[in-house]
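Have a look at these structures, which come just after this line.
Look at the two complexes coming up: chain A is in both, with chain B in one and chain C in the other.
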Partner chain A sequence: MTCIVNVKGLTKSYKNQSVLKGLSWEIEPGDVVGLLGKNGAGKSTLLKSLLNISDIDSGEISIFGEQYNQLSSKNKARIGYVPQENDEISWLSVNDLINFRKQFYSTWSDEKVTELISRWEIDATKKIAELSPGQVQRVLIILALAPMPDLLIFDEPAASLDPAGRRDFLKEILTLVSDENITVIFSTHITSDLERIANKVAILDRGKICYFNGLDVTKESVVQLIVHCKKEQDITIPYLLRGKVHSQGQYGVVSQLDQVWLAEMKEQAVEVTINPMGLEDIFLELTA
Partner chain B sequence: MKTILLHGWLVKVFIVLLWGIAIAMRLTMHDDTRDNLLFTLIAFSNFLLYLMVAMRLPLLTHNKMAVLLPDYSQKLKKVLLLVFGVSLLPTLLVLPDVVTWLAFISISILAILIFVAMIYQPIYQIFIWLLILMPLPMAMLDISLNKGILFTTLAWLLPLIIWFAYVLLNKLVNYRGNHKHISKIIATMNVSMGNTLSIQDSIPFANRTKLAQWWGNSHFNYYRKLINDATNSSQKLSNRKLIEISCQSANSFGVNAYVIWSVGITLLCVLALVIDESYHHLFTPMVTLIPALIIGTGSITLFQIIQCKKSYLARLAILPRFKQHNSFSRAFLGYVFYNQAILYCFIAMLLAVTAKIFGHINVTVYLNSVLILLVYCLVTISMMLLTWRAAQNYCNPVVWLMIIGFIGTIVFTTHMATSGMVLLVYNGIFQWILIASLLLLSFSVFRQLTDK
Partner chain C sequence: MEQFIISPSSGIPIYKQLYSQIERMVLNGYFSVDQRLPSVRQVASDLDVNPMTVSKAYGLLEERGYLTRLRGKGMVVTARDDEVLQQEKLTMLDEMIKELLAQAKQMGISDDKVVQMINRNVANKQDETVGKE
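Coming up: the complex of A and B.
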């Protein structure tokens, strides 16, 4: 299947501090990817780099099969983006801002704008500067959804929203994904949001995507293992994502449980404790 | 895009009004002065328009979404060409003199290039100072400027200027550089008139230019030293000093500003002393502009800063240090009066020195100028205090009032200097104005001391 987003060897640094170190990543059509990462891991930098908002040091990025910095107007119109920080012109009213954006798109949906504005109770005559951060976030989401994009990129979209607003936003994304088969990439800290809508999870750590897999597979397969063995015993845990050795044995997080290896352990009388993990635990373990 | 570039009704109305006056003059005036007046009027209104558009342009070129919106650069280019095209319509009034008309277009394009360059790269602000000082080297090298030859040359150069401007336009609509400086322009352009200077404090320190970082650091170092000295000694900082420290901003008109302006003026004076006296009149625009610039920034900055620090000062006012009745109000008044007194004394001294060396004003004009500045000072302090006490936010209209009052003051001072007016202190109208401004100030001080 042709990838919608294809990243190879992406590096980016700020003042000699490396943020992205040879990152590679592929997103397929219809994927709803939740991007997790600690503060300062480089989530925003990665998303901005994909869209050519932030310059990169090296690497290759393609979106819809075109080089990221030479996107055709047709493909630019297929992308919706909600930035983390609002940098819209603050003295424009919501109506002005909508009219400004509308002139760039032939696929702009006035119905969607009207529906969301009324559903989210936004006073479109108010200036951006007069809105609360949550309301501004909603306006930015409306601006991203109105051109009916094929690829939506959200940078912490729900950060400023109240629980009701967040639920509504997630519902909107779910509807879009199921009805229009669009691709969504969103960065977040809130794992429960991710679990609600994402079908894939990516974890960004130390400048690379250290984990990228289906959400269901992740929740079913990633487990924590404690292997009760002596230090001298040389045991290799298969599919190990992260692990350490301590006095009572070995401890690790695996991407899937190898039943053959488990049987071998049983034969050798090595006790193995298996603990299922939630998404938050997986994230914490992998980025520890 | 047009809405963003031409936002604000006040300037637009003013420009259209000037165009209207130009049309009326073209239709009604028939004497020799008409062409020059028309040229000046249209040039002034168009330059104002170009400056306004140039200042708003970073909001569009450096918008983060610019790279993502389809055909953004093309649309921006079209809008800029459209605005320029419309601005050329009033220039048709100078026809049938085709050479002047073509020269006018060349001058307009060159002015746009300078304005845009100044906005995007502050180093190009040097163009303005070079233009002001241009008559000096020309006079010294005995180059006489023939208007006819100049206009003919500019008219013939028009195709070249258009080609050059078009190349630069194509670069400009895709330009994303000089982030640090542009973020300051965007911050200023993104707020209303009442917050243009104070908003720049919200720009993170690391995102400022090296010069701005040095400027801020050297300014704050003085106050850090004050705090540390007070901490290390038994003598406490006075209430006024505490408020002064709380009211500092990266844009405050502080010690370093006084030092830099003093050095600049001294250099200008030294230059004047070494050249022939016959050239001194060529410095007049500059030595008039500098005090005006200092008063403008010094008074408006203080107003904006105390307005934006209102909530912070309110928290300060409830501290035990200010538990005595009116102690906070007194200290606050002390700070405002002290700050403005130093500013206006500096201006009076600067005027005296430049008047002595350049001889552009006599003693009467000097004394009159000081009196006019005194009235302006009393009125602006009153406005600061009244706005500070007001329940509603009147920041915007007050800054506009201060600017309009300031321009009025300069126009009146210039008129007075050229018309040989007698000492104003003996003028009945001026005496009433002075009394009225003193009463206004007394009222605002009284309100400051009595209101809760």
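Coming up: the complex of A and C.
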């Protein structure tokens, strides 16, 4: 399968602080990828690099099979992007901004714009500067969705939306995913949003994508284990991220559940309790 | 419209949560034989989850023989022998009993004690029924 996004050995530093350190990443068509990372991990830098908004030091990036900084205008129009901060001309009215942006796209959907403007109750005669942060974010989302893109990149899309607004935004993305088979990459701090809509989760830590896997697989493999054994039984838990030995046994968090080891434990009559974890805890364990 | 309940932030993947709910709803007769299940799209939109998640649950239920995919109709509950169905129910209860015994063991309660408690509960229930009559 050809990848929609393919990154190899991406490096980027600001002054003498290195942010991305030889990062590689492949996104397949139809994937909805949630990108997690601590503050300052470089999520925005990574997303901006993909879009050629931020210069990179070295590495290769291809989007739709083309080199990222030589994208054909046809392929450029297939990408929708919602930045973390509004970089649109704020003295324009919503209507004027929409009409301005529309000129650059041949696939612009007026229908989608009208539908979202009315559903999200935006007064399109108002200037961008007069809108609340949540409303501005909605306008940015509309601008990104209107050209009916094949690849959507969101940088903290839901940060300034209230819970109802966030849920409605997720609904819209899900509709697009089921109808158009688009590919979505979004960075977020809100793991519960990611848990609803993503099929894959990526973690950016120490300049690299340190973890990239299916969300379901992640929840099935990154788990807490309680091994009910005596202290003198010398048991080593495989793929251990963090562990503690108690008089009653061992406690640990693993990055992978080793089935062979589990079978061995059963044979030795050592009881192992497996407790699944939510994504927030998984994220904290994997980046600790 | 059938409403499923999920908790996205639980450590149990959403497709598994859906799978066990629907499995139970088929076994306890909430969904009857040949009844059509809501479409993947419908469920995904009601629960605000990725449609792939719902497909995965439906696919697994089909694989295990609970559902049958009908052309143009979507998923319907498979008609199965009473014997097979009975076996499925017993398997499910068996899993629950294993879990119960494991929990009891963790609390330091013996298997014998659990059996005693079950017997007492059965006896109490019978007493109540007799009392009502």
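Note that in this section the second predicted complex is superposed on the first by the 243 of 288 C-alpha atoms of A that agree within 3 Å, B and C clash if a C-alpha of one lies under 4 Å from a C-alpha of the other, contacts with A are read in each partner's own complex, and residues count from 1 in each chain.
Here, contacts are C-beta pairs under 8 Å (C-beta built on N, C-alpha and C of every residue); 3 or more make two chains touch, one makes a residue touch a chain.
As the structure is a prediction and not an experimental result, all values here were calculated from the model.
Taken together in the superposed arrangement on chain A, chain B and chain C fit without clashing. Looking at the shared chain after the overlay, A:Asn275 reaches chain C, while chain B stays out of its contact range.
With both structures placed on the common chain, the touch criterion links A:Ser13 to neither chain B nor chain C. Once chain A of one complex is fitted onto chain A of the other, the partner contacts of A:Ser178 are limited to chain C, with no touch recorded for chain B. Once the two complexes are overlaid on the shared chain, A:Thr191 sits against chain C while remaining clear of chain B.
A count of residues in chain A touched by chain B and by chain C gives the higher number to C. Within the superposed three-chain model, A:Ser109 lies out of touch with both chain B and chain C [touch as defined at top]. In the superposed pair of complexes, A:Val223 makes contact with chain C only, with no contact to chain B.
Our summary of the superposed model lists a minimum C-alpha distance of 28 Å between chain B and chain C. Residue ranges of chain C in contact with chain A, taken from their complex: 8-16, 40-41, 44-45, 48-53, 56, 102, 105-106.
On the chain A side of its complex with chain C, the touching residues are 32, 167, 170-171, 174-175, 177-178, 191-192, 195-199, 215-216, 219-220, 223, 228, 271, 273, 275-281.
Across the complex, chain B is touched by residues 51-53, 73-74, 76-77, 79, 81, 83, 87, 89-92, 96, 99-101, 103-105, 129 of chain A. On the chain B side of its complex with chain A, the touching residues are 1, 3-4, 7, 59, 63-65, 67-72, 75, 190-192.
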